[in-house]
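Here the chain labels run A, B, C, D, E and F in written order, and each chain numbers its own residues starting at 1.
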Amino acid sequence: MLQLKYFDDYAIDEKRTSQGRTITETDIILHAGQTGDFFPHHVDEEWCKTQPFKRRIAHGTLIFSIGIGLTANVINEASMTYGYDRLRFINPVFIGDTIHAVVTISSKKEHKKPGYGLVTERVEVVNQEGAIVMACEHLLLVKKKILE
Amino acid sequence: MLQLKYFDDYAIDEKRTSQGRTITETDIILHAGQTGDFFPHHVDEEWCKTQPFKRRIAHGTLIFSIGIGLTANVINEASMTYGYDRLRFINPVFIGDTIHAVVTISSKKEHKKPGYGLVTERVEVVNQEGAIVMACEHLLLVKKKILE
Amino acid sequence: MLQLKYFDDYAIDEKRTSQGRTITETDIILHAGQTGDFFPHHVDEEWCKTQPFKRRIAHGTLIFSIGIGLTANVINEASMTYGYDRLRFINPVFIGDTIHAVVTISSKKEHKKPGYGLVTERVEVVNQEGAIVMACEHLLLVKKKILE
Amino acid sequence: MLQLKYFDDYAIDEKRTSQGRTITETDIILHAGQTGDFFPHHVDEEWCKTQPFKRRIAHGTLIFSIGIGLTANVINEASMTYGYDRLRFINPVFIGDTIHAVVTISSKKEHKKPGYGLVTERVEVVNQEGAIVMACEHLLLVKKKILE
Amino acid sequence: MLQLKYFDDYAIDEKRTSQGRTITETDIILHAGQTGDFFPHHVDEEWCKTQPFKRRIAHGTLIFSIGIGLTANVINEASMTYGYDRLRFINPVFIGDTIHAVVTISSKKEHKKPGYGLVTERVEVVNQEGAIVMACEHLLLVKKKILE
Amino acid sequence: MLQLKYFDDYAIDEKRTSQGRTITETDIILHAGQTGDFFPHHVDEEWCKTQPFKRRIAHGTLIFSIGIGLTANVINEASMTYGYDRLRFINPVFIGDTIHAVVTISSKKEHKKPGYGLVTERVEVVNQEGAIVMACEHLLLVKKKILE
């Protein structure tokens, strides 16, 4: 879905919630295959039984990729990703957990690029029990509506 | 490959370089399928022809996932990921580009968790022309060898 | 397996039964990724628990694709697909169900394309309990043996 | 994106156009693997060179799955798929072609299920040259707003 | 396709030729992901340019898996795989090469398992130029028709 | 990880053990899709219930591919694969089994290629109960350190 939302249109504390997605064994195997990260935490059930979590856990990069993907259902043509800050993996995600993303506009700042401002979205990925499993700040460079 | 490397063993400016990996159309299609991010930048060649880059570009989350995956060939049992800071996508990655990761230990700090310190690795993902396409700081919580 | 079977060779009520195939969570995840259809019916186990079926269900397009694929073990060089009519999804397919296809020649008709006739195969996809989950009519344009 | 659109809300000739999607070699290989349909039309480039089209072509079931998937960006909770009629593959789709879907409401009818009506969407899948490659009628059972 | 072919039914020098299959970049990426073998020979185009073959080559295990898969279109319920001997990778397979398998019954021997004999199939995988890229002996334990 | 290990450096009975890997339903589905081998032993749970093993089993080519892949974490630039002998599938591998590979240098021989010798590695793939599921001899052509 295409949208045109300018820097001026973003309001602090504006919030949106994504659809949910169940993390499956398939997702972990595909992600191991995509990244080459076959650490035993993700692909060796026997080894995991000897560890504190007792089970395989999803890769951090998988949760980041799916978490950000869940927020990507609206394309804002006035905005582009500048980067991510303070990415933290707060709780493990297990096979069968269902996650969704909550996005809150947390700050708006001027930016040196003329005609653009910097919008920060706080992204929280939450599991089926309401626990935050991942958080980060998504920095967006967004066009201003009015030429300065 | 398993390894045991303590906080004490990390030296500032220590550097390692990963293998290379060519980013293929297949990687982009699989990543779109894994994340649900089918933005036209990644999957619509005709639309891309009308844009400044003229071609499809890889997802940021794909480059992050593969970039970090390239560094994940040694498992340090004394270390765990704490998070990532200042993740930036500096240049686009196109189909056929070959990337590798360069990891440099950039800082060591005390941490409130007893018996652990915080190691920061600077991760740079570099393409076949030597341009940095992605950079971030990987924060590691690492066990100390000597009990304090 | 190649075969040469002409319009003249098809007999009404001729029937063949395909191999079976268990529909897995993997199939659903791969199909969501191929089609971009991440509707919660297919990928959100928590949401599904609140719905009448209580569980994730396979995409209709997945059952159609696999159902038709199961019939595609013999290549008839004299025949080509003209289309499909009356495609109906009659019962849901759940993860772990095993389906097979039953194909019955249901009609033969003249066709305006010289030297060809239209054969209709009734395709029924059946689960492990004998219930029809999908049905359609597969229209085939088939060469005639004898020039008219 | 969730939506609530009743039978009463559909208007004949209402039209929407989906995003585009480039059909890649990867899509064909993944679809062959998902369906088990490894017909030489799709996976044997040498054989294809001896055929009228000279190149590999996408599976009909792939174009149907992706074509319908392209239309599946809005979830209408008042609607469910009843089936598809007159599915036809009108032109071949080659690797590198970019398709999008055009959906037009073509009819509204009463239905025996109390409180529901039948909406027919004409779905046309169109390539980058404007040629229709696939067409079908998507039948939807849609809740009525006002109880009769 | 199911078949019942006894030890007695196999004739020395009997030969069958499989369908063809073009080896794609997708196949190599999927196989790297399935096996965790990301050797630069398969996934680093830049490194390959510095090597004698100048291009990425398919994994040996990929060619073996697809080569044997090509022969697996008929299920003989009287036969089971005993193992493989003298598996050799004779020529490299590049992206875009099209391979097929040629199977020749090369020997029949008694076996200690009562009621069974050992059949050896010579499997040769051949590319589009007629060069053998892989060869092996497939050993089959096959039921005898007549009880001894 | 790159390494340079010459023919002279290999010692008989030298042994290394790989990481473990749990074989998942996903691996089997992906392998069926990669090879086109949809034999009911691998993809039809209902049929398998009627067979001695009662459950789906992994393809031999899958276990070979993953087993060899597990040994492929060190790239020896002085060595190349010559082939495999006596490949045997000794026990079935079921969904959920965890396998690892044990590699033992079993012989060193002269070879006609000047400056090279032939090293044989015995590869055994072992499941979580310590049972060998697959064995083979991996033949390596390895450069000699000292010119003869």
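The definition used in the following text is that a residue touches a chain if its C-beta (ideal position, glycine included) is under 8 Å from a C-beta of that chain, and two chains touch if they have at least 3 such contacts.
As the structure is a computational prediction, the values presented were derived from the model and not from experiment.
Enquirer: Using direct touches as single steps, what is the fewest number of steps from chain B over to chain E?
Expert: Each step joins two touching chains, and the minimum needed here is 1.
Enquirer: Of the other chains, whose C-alpha centre is the longest way from the centre of chain B?
Expert: The most remote chain is C.
Enquirer: By the contact definition above, name the pair with the higher C-beta contact count: D-E or A-B.
Expert: More contacting C-beta pairs are found at A-B.
Enquirer: Could you please state the distance in Å, as a whole number, between where the Cα atoms of chain A are centred and where those of chain F are centred?
Expert: Computed from C-alpha means, the inter-chain centre distance equals 38 Å.
Enquirer: Indicate the whole-number Å distance between the mean C-alpha point of chain B and the mean C-alpha point of chain C.
Expert: Their C-alpha centroids are separated by 43 Å.
Enquirer: Which residues belonging to chain C are in contact with no fewer than two other chains?
Expert: Touching at least two other chains: 21, 25-27, 30, 34, 36, 38, 40, 73.
Enquirer: Going by the contact rule set out above, which residues of chain D touch chain C in the complex?
Expert: Residue positions touching the partner: 21, 27, 30-31, 34-37, 39-40, 59-62, 64-66, 68-70, 72-73, 75, 81-89.
Enquirer: Residue numbers of chain F touching chain C in their complex, please.
Expert: Contacts found on chain F: 25-26, 29-30, 38, 40, 43-47, 56.
Enquirer: Taking the complex as given, what residues does chain E use to touch chain A?
Expert: Checking each residue of chain E against chain A gives 30, 32-34, 36, 38.
Enquirer: Which residues of chain F touch chain A in their complex?
Expert: Contacts found on chain F: 19-22, 24-27, 30, 96, 98, 128.
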